Every structure is written in structure tokens, then in C-alpha cells.
Amino acid sequence: MRKKPPPQSFYPFFMKLGFVGIGRMGFGMARNLLGAGHEVSVYNRTRERAEALARDGATVVDSPAAACRGAEAVFTMISDDAALRDVVRGETGILHALERGGVHISASTVSTACAREMAALHAEAGQGFLSACVWGRPAVAEAGKLIAMAAGPAELLERFRPLLGAFSRAVFIAGHEPWQANAAKLCGNFMIAGMMEAFSESFATLRKCNVQPQPFLDAMVELFGSALYANYGKLIVEERFEPAGFALKLGLKDAGLTLDTARECASPMPMASLVRDRLLAAFAQDGGEADWTSVARVSAREAGL
Amino acid sequence: MRKKPPPQSFYPFFMKLGFVGIGRMGFGMARNLLGAGHEVSVYNRTRERAEALARDGATVVDSPAAACRGAEAVFTMISDDAALRDVVRGETGILHALERGGVHISASTVSTACAREMAALHAEAGQGFLSACVWGRPAVAEAGKLIAMAAGPAELLERFRPLLGAFSRAVFIAGHEPWQANAAKLCGNFMIAGMMEAFSESFATLRKCNVQPQPFLDAMVELFGSALYANYGKLIVEERFEPAGFALKLGLKDAGLTLDTARECASPMPMASLVRDRLLAAFAQDGGEADWTSVARVSAREAGL
Amino acid sequence: MRKKPPPQSFYPFFMKLGFVGIGRMGFGMARNLLGAGHEVSVYNRTRERAEALARDGATVVDSPAAACRGAEAVFTMISDDAALRDVVRGETGILHALERGGVHISASTVSTACAREMAALHAEAGQGFLSACVWGRPAVAEAGKLIAMAAGPAELLERFRPLLGAFSRAVFIAGHEPWQANAAKLCGNFMIAGMMEAFSESFATLRKCNVQPQPFLDAMVELFGSALYANYGKLIVEERFEPAGFALKLGLKDAGLTLDTARECASPMPMASLVRDRLLAAFAQDGGEADWTSVARVSAREAGL
Amino acid sequence: MRKKPPPQSFYPFFMKLGFVGIGRMGFGMARNLLGAGHEVSVYNRTRERAEALARDGATVVDSPAAACRGAEAVFTMISDDAALRDVVRGETGILHALERGGVHISASTVSTACAREMAALHAEAGQGFLSACVWGRPAVAEAGKLIAMAAGPAELLERFRPLLGAFSRAVFIAGHEPWQANAAKLCGNFMIAGMMEAFSESFATLRKCNVQPQPFLDAMVELFGSALYANYGKLIVEERFEPAGFALKLGLKDAGLTLDTARECASPMPMASLVRDRLLAAFAQDGGEADWTSVARVSAREAGL
């Protein structure tokens, strides 16, 4: 669904919010929430990153708990399951500080199991929980043009969906259980990783056939008509793997989470397994700091290039 | 490279051409050549299909050889290696009829080995050979909007490239040996098949998670920004596998040819192997007449759906 | 290394032991320890199973903690990570009850991560920890003919290795860190699962070629000269999947643990991924109670049989 | 079925035979036929290899045709499809020289398609055709201890099976169409290749876990109780890949033929695809002359070893 103006008649346009996790993605998201007129308390482990938002009107606080004070909803944008658990369950965590009726909106790419755990914890505490995962790189977050996949109780979705519009160009609803958004988000990341692997194998084969990669890439961009193909393909063709737009270690983590979901729901995903193994090979050979498009090196090396 | 007007100053705009293989794709291609003002003799095994082009000005002939009479170039658009060999090497085939200096332009998706064989045969006969493979479904061929990947000697490419513009919206050059275009074409088809498998696994997993496929498809179309994703995804979501836009048996054939090329040039393509095995499973379970998107049934059944 | 008589001169031949987990495997193992003259306190969640060992001289107790009382070493043979953690860390668990200097010998097929966790917990408590994983089905355990793969500090291995001889026909040492035995055990299970998948694909293909499975199986048994091939092959040929000798759900669990280890140490195992996905498909289609050789149904169904 | 004495009452014990292809395997096979008392005319492209059999009583001839003169049956043991076709269809080939009623017994590992083609050619010429594929390395052939998998018309099998006993310790029957033996032979080779890949992945993973390969190999030999596991495992552990017992390029060829059969009969073999891709990677990286156990290098390199 395309971005619509929030339904101002029913819900107050301006909310008091918290935002925990001012990393590369969280920064742009929080900034857009501020830009939309919301009052936002921001927390980041490395305080400097959060302070950069002060000029946009953010209140910088010292703990997740502090970000929850008086907040109708608190966003989290955190790197992984373990970090999210810390931020929620820790002594100065969200769980203890969020008011009854307050809502935790998790935008992190965490496991479906972790999302279920969060939903249960918050329910027990009389709080709400939504998953609102996003696709897009940091620059897209800053531009407010992410794609959001949300899930949770209908009433909460209706109430908080306008907030997602502050940083998203489109919002989709996966279902009424928050973890369903995480499942969809992980499958979407797998779609991208699958495209990367297809490019990697094609480029390796074509190089061995003495076919230049550029005309093939141009043809694929024309065929798929996709800017994503153009961007990813270009990175592989030019071997521009540093600095990382999205680090291989994070892609590897996500690939593992996808397979965990496949295991949970008993749905074999052989291509996801393959993609995971290729990312793991890249990790074993070069470490995980380069961009995840560097997985293309694995196919090249296998072919003796 | 985007379509440009043909360089009329150097080469005559109108050529005398042959076209062998007036199938669903060949029909639209030949018609566009006629529409561009060329004189085209057309041959098809089932004569009726060729006769439908008479009203567009085509001369309908009774053999590939007859299509070569006086032709500067003869196109072939044929279903597979064996059929192309018949049309070229048969008693009334192209090889014996094409004049010295005449050029065979093969648009068929045949193996790289077959393309090399053709190039050698024609060279021996003092004739030219180009591969000019195309992406696009029949309706796109009729609209003159295919994407072409050509390869062959530079001089021939320069001379005949304008012809490709009659039915293509873009023409790319893979290299100076004709078979290189076939390698690139096969890799492109693999890119599409890889996307189909990624969709198949994602939809199966999401169905088992009780996530509706539509919002996921919508998100992917937004994320990739690709009409191809929209079209293929829609066919899978709606399970509209009949009638076939592109029959699974043809996709299976192409997947096999991709692996043959990978074998020839010693470049392992594990995802291409996976895709081939999934198409083969679909073929074993349901036969090969349905659209190749029906490969999605394999993932669904594996998941117990 | 083949079974040798225990070095009686250095260590007392008879020890006071605990044994937690009197399942199908634990029963035979504990019984052989009793038969070798050791004093064994046995605990099982379902007390009846443990009581069957009373006639062999076992003392049946009511908690893991009770099994540790006065014991030099306590064995565990438990179904999975979670159950082992319960038995060790629970209120009436091993950790709190085992004396300083006492040793926990874990024979369970648990994850390498769990083994490392156990080693750390016991080290902190001034206790020892060994992994001593075993291959063999329940009847082999009863016959005292298992194959053991042990790992841990050299001093502990030397001291307790004779105990393993009570139920093993051969004992191998993987290294000085307990989890290394778990890694080797998981790889061994993967070797078996790989054989099953190879059989499954071969039988499916040969059935479609109208080749009877029996002569092929006979040839393979002759070629590999392996009783394991004979036994597994026979189960698949005769489709005798019930009752389970080793339940598919357990094989699926182990396959997941193998991949977890591969991930931890950054070593891609594409065949292990494939085997996992096939077991998962069998699980999705038929549930996990049948023998894990029933994975052969997946290949058969994929081939349309 | 175990080797039995030939039924001497019905068929003459001594036959006049031809043997075409005195390579490393053919040498031992022909020698055992000579040793069993048969009269054998031998042909090899490189005549020296054949002449080494003269002292065993062989008549060395100059063409496949000459080997057929007066022969009741002619064996072929040839490297691949193309070479077998040459030897059979060439001007001085078997087809033209074998008498009506004569039988061609093909022991080569050729494709099922090639075996069907041979059967048809010989049937047309009023000749018989049997496939009698063998497992075993050259030394085993010399010892007369190969394992044979034969197929063809019942009457021919009955008549010539005793001959196979001259060089085989066991003979199995795949069916009544010769190509069925080739299908079974290819699946058997896949079983071995699958074992190699399982070892390769396990050793790579265990090396990254600092587990010595030897105790793991010892445990697997104990577990599977297989000399084949011991031999192959030892080659991998000691990295003794030269000289080749069975060259990687031949293993790669066979893996391709297995997949061709799988394609023909529509039975997906994902593990066979994986094994093929790994052999292809080894070939791309190191060429095909080393022993096929050198495929283990692929897993090691992928893991960054």
C-alpha cells in the first residue's frame, strides 16, 4: 500500500515516542519521525550517534528505559536477537519501563522466534508489540523511502501505521502476529541474496567464456527493469566490496535466521541453504566486513578465476 | 545499447531476407522485419503459420533452402539443437542453399556447442554466422520490443545489427564468437529461473507461516521495482499455470543447456543445478506442458502443502 | 583403538557412578556398566525405565542430584540440548550435587555450543567434564559394542576411558576439548545421513529405470563391504520405516546441530545442508516419528513415484 | 550372487572371444579370460599394451574388426561414449565384422543413451548386445575380483554370465535391457562419489575444529566396517592424490552421465548434482589428472583452509 497521509481525525498526529538504536538505519528513521513532528527520546549505546539528532529536536537519553518514559510507543532498531533481548529485558530495559498500554515497535531484522518471545513478554506486561521490518539502505532511510512490512494486532496496526509512513514509501501488512512480519522480511532478504548468487554464478561462467560482464549486466537491467539489479550488479562487476553498504556478516546472520524460520514451519528452502553456504564460504575466506555482494568471489574462485 | 535508427548511409535499408521458423516468437519477429520494409521469404514446417504473414507481404516458401534464395541473411528461430541442425544440414537445408557471403542469423536458444558447430559449418561453406538471441514473450516480439544479445565477427555485427532493431528495444553484444551470445542468453534465462525458485521457496514458507502471499509479492515488486517480478510473482500467487506462456519443458531444456555451458567452461553453478533439479521434479510430477512458473508446486509439495 | 582391558593397576576397577537418562540407549549402557562391576545410581524421568535396571544391581534414585551422591562420575544420555541443560542446571540438577572433582561424562548427541557451555559450568564449579559420544543402535548398546568418540582433558580421558570400554567395542579420542567429540559425532551422523540420501536418490532413479532395487543393493553391499549399508539399504528397499530404529525427528535435530557447528567454525557443508533439507521435507510431509530412512520417500515423490 | 562355476554341461567352457580396449582395466579382465582357458584376440589402439598379453596366449590383432573374426563374443572396455562409438561403428569396427548371432559385451562405463544406441545397432545387424559394467580398480581386475552388473536378454545373460565370472567375484543382474546395467553402474559410482564428498566436508569442518582427521577416519571405518571407506578416507587424510587410481576427469565424466540418466528418466538427484559441481570445481581449480579423491580440496578451500 502506498504512503497515505495519516488519518488525523482519529489519532493525534503527534505522539510522544522513544527510539532505541540510532545506528546507520535508526538515525534516518528517527530523524524522519522528528521531521514529521513527533516528540522523540532517543537512546544509543554510543551516545554520540544519538546526539547528532539533538539538533533535529530529539531528547537524548541514557537508557532504553529512559526512552520509554511517557512514550506511547518505543521503536527499536537493533543489530540482532541478543542485542534486542538485552535492550528489552535488561535492568534499564524497555520491558520494565514502558507503561501498561505502551507499545514496542520492533524494526530490527531479528528471528521469528525472538519476535514471538518479545510478543509474549510484552503481553504479560500488559504492553503491546508490533514488528515493523524495513527494507532499504541508510540513505533510503534518511530519505524516508523505506519499504515496511508490519504485523501485529489489527487495532495496533491501525493506530501506529501512520508512524511508519514517516520513514517509508510503502507499508505492507503480513498478518496479525508480529513474527509474521519477520518471516516476510527474512524471505525478502533471501530474495535479494538469491539474486546475488545468480549474478555471481552467471558472471563467473561468462568470464570463463570471455564474455564481458558489462553487456550482460546491461541486458539484465533491461530485462528485469530493476534498479536493485542495476545497483547490486554494478557492485559485483566493479568488485567494489568496500566499504560495505550491508556487511556480509549481517547477510550471513539473516540467511541463518531465514533457515531457522524454514525449520520452525517445516518448509525446506534448498536455495536459501545454498545461499547461506555461499555466504559462509565468503566469510570463511575473507571475513565478514566487506559488502555482502563480495559473495561473488566464491563463485569466481570455485571456477578457478 | 538503446535502439537507434539504422545507419542508412552505409548499408541499404532494405534487405532481401529469409526467416525459418514461424513459431510464436518467429511470427512477431518476421512481421516486424516486414514492417521495417525488408523483403522476407518465410518458411515454417506447418505452412499455415507462415501463410498468416502473407498479408504482411511475406513470400511463403516450401523449404529452408527456398528461404535462402537470393537472401543476404536468413534468420532461424527454432525450438532446439536437433531441429536447428535439421534445418541447416538437411537436404533442403540452409547450408546448401545460402550463397557464399550469405549470413545465417540464429535467434534460437540453442547450446553453445551447437552454435560453435554452426559457425564452423558456415565458415567452411564461405558463409557467415551470427547468434542473436532474444528475451521476451510472443506478445513482446510482436510489439518489436525484445531484448537481443548478439555475438559474432565485428564486421557482420555492424552490418546486421540494424536488422535486430526491427524487433528489439535494445541490442547488446556479448563478443566476437557467436556462441558467446548463447552463453549470455542461457545465463539470463537462469537469472529468471533463479528468481522463480526464490519466489517458490518464499511463498511456500510464508504459506506455512500463515502469511498471505499478496502483501509479500507487493513488497517484492516495490523492492525490486521490476515488472518481471510482478508478472512472474502474480502467476505463482494465482497459480495460473495454464496456458503456458513459456512451457516448463522448454525451461528444463534451457536449464540443461546452461549446465552444459558451465561444464564446458569449467565453472560450477550450484544454483543452476538446483534450479534444473526443481524443474525436473516439476516435470516428473506434472509433465512439461504447464508454464514454467509451475515449478512453484515443487516447493509447496515439499513443505507438505 | 580396539577395546583393551582397563589398566587395573593404576585406577580402581570399580567406581561409584551415576547414570542420568535411562532411555533406549542409556539402558544398555548403564546395564553394561553394572555388568562390569561398577556401582551405579540411575535416574530417569519415567522411573519405570530405571527400575528395570534394579535387578542388575542399580540403585534407582529420584533426581539427577541423587544420582551424583558420592559418585566419582555421572553419565548423562539425554535427548537434546534443552533436556541436558535442565538435568544439569535444574534445582535438583547435577551441577549443584556433584562433588568438587567429580566428573560429568556426557554421552548425548548435543550441540558443540552446549558442550562448551557444560564444560564452562563444571569448570566454574570445580568439576570435570568429558564428552563421550557413541554410535550404535539400542541393541548394540545392550551388547556393549558401541563406538565411542571422546574428548576432554588428557588426565580425565586416561582415568575414565576404561569405563567407556564397558559399553563400547572401540574408543576414539577427538581432542582435549570436550566439544570436539561432539563435532566428530555430528560429522559421523552426517556421514550416515549422506549415505541414506545417496541410496534414496539411486533407488528412485533406478525404479524409474525399471531396475529392481535388490540387485543394486546387493552390489552396493558387495562394493562397500559394509553391514551398515546392508542394514540401511534393506530398510529402504523394504520400506520398513516403522517402528523407528532412530526417529526421523532426531535425525533432523542432529542435521541441524551439524550445520550449527559448520557455522560456528566457518566451514560450509553443502551436502549437510542438502541432507537437512531432505529430512525436513520428510518431516513436513509425514511427521518425524518414522525411522529416518523414510527420508527415501522424498526422492521417490520428487521423481513422481 | 556369488561366483559359481560355469554350467559346463550346457555351454562349451572354452569360447573364442575378442577383447577391444586393453587399458588398465581391460588388461586384467582379458588376462583372466585367457587364464580361464578362453581363446582371446585382443586389440588396443596402442598396440604395445595388447602385446603384453601375448605371453598369456592372446592373439594380438590390428583392428576391432579383426578381434571379432570367428568370435562368439567380443568384449569392449573403452573410456567413453565417443570412443565406444568409434570402435563399434568405424570402418574396421565391431558392427561390420561380428557374425550374425555374435554378441558384443560392453563393460565400459558409458551413458545409458549410448548403451541403448548400441543395442539397437546390433539388433539391426542380427547381433546380440549385453552391458556388463564392473566396479573395481585395475589391481582388482587383475585379481579377478571385480563386481559385475550385467543386463540384457535373459538367454544371452544365461549363456555369457560364466564368462563374467572369470574376472568378477560377484555378478548381479539389473534387468533385461542392457542400458539398465549402465544406469545401475552410474548410480554405484555416485554412491562412492557421495561418500567422498561427505568425507571432504567432514574433514574440512573437523580441521577447522582442530580435530585430527585420523581418529575420525578410524571411527568411520569402524562404524561402516568398510574397506572402501578405509581406502578412500586414507587417500584424503594423507592427501595422496597422485598418481591417480581413478582420475578426477573420469569421475567428472561419470557424474555427468549419472545426471544425464536422471534427466532421461525424470528423477531429480540433487546430491548427484552437488557431487558433479564439486568435481567440476576441483577440475576448474587443479585440472583433472589427480585422483578423484582430490575433490576434498574444494571443501578445504571453501572453508578457507
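Going by the order they are written in, the chains are A, B, C and D; count residues from 1 in each one.
Rule of thumb we're sticking to: contacts are C-beta pairs under 8 Å (C-beta built on N, C-alpha and C of every residue); 3 or more make two chains touch, one makes a residue touch a chain.
Remember, predicted model here, so these are calculated numbers, not experimental data.
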{"item": "Starting at chain B, fewest touch steps before arriving at chain D", "value": "1"}
{"item": "Chain whose average C-alpha position is farthest from chain D's own", "value": "A"}
{"item": "Centre-of-Cα separation between chain C and chain A, whole angstrom", "value": "39"}
{"item": "Averaged-CA centre spacing for the pair chain B and chain A, given as whole angstrom", "value": "38"}
{"item": "Chain centre separation in whole Å, for chain C relative to chain B (CA means)", "value": "54"}
{"item": "Junction residues of chain B, two or more chains touched", "value": "208, 262, 266-270, 274, 278, 281, 284, 302-304"}
{"item": "Chain-level touch network, classified as line, ring, star, complete or other", "value": "complete"}
{"item": "Contact footprint of chain A on chain C as seen in their complex", "value": "256, 259, 262-263, 266-270, 273-274, 276-278, 280-281, 283-284"}
{"item": "Parts of chain D lying in touch with chain A, wherever the complex brings them together", "value": "208, 270, 281, 284-285, 298, 301-304"}
{"item": "Parts of chain D lying in touch with chain C, wherever the complex brings them together", "value": "1, 112, 135, 147, 149, 169-170, 172-175, 177, 179-180, 183-184, 187-188, 190-192, 194-195, 197-199, 201-202, 204-206, 208-212, 215-216, 218-220, 222-229, 261-262, 265-272, 274, 278, 299, 302-304"}
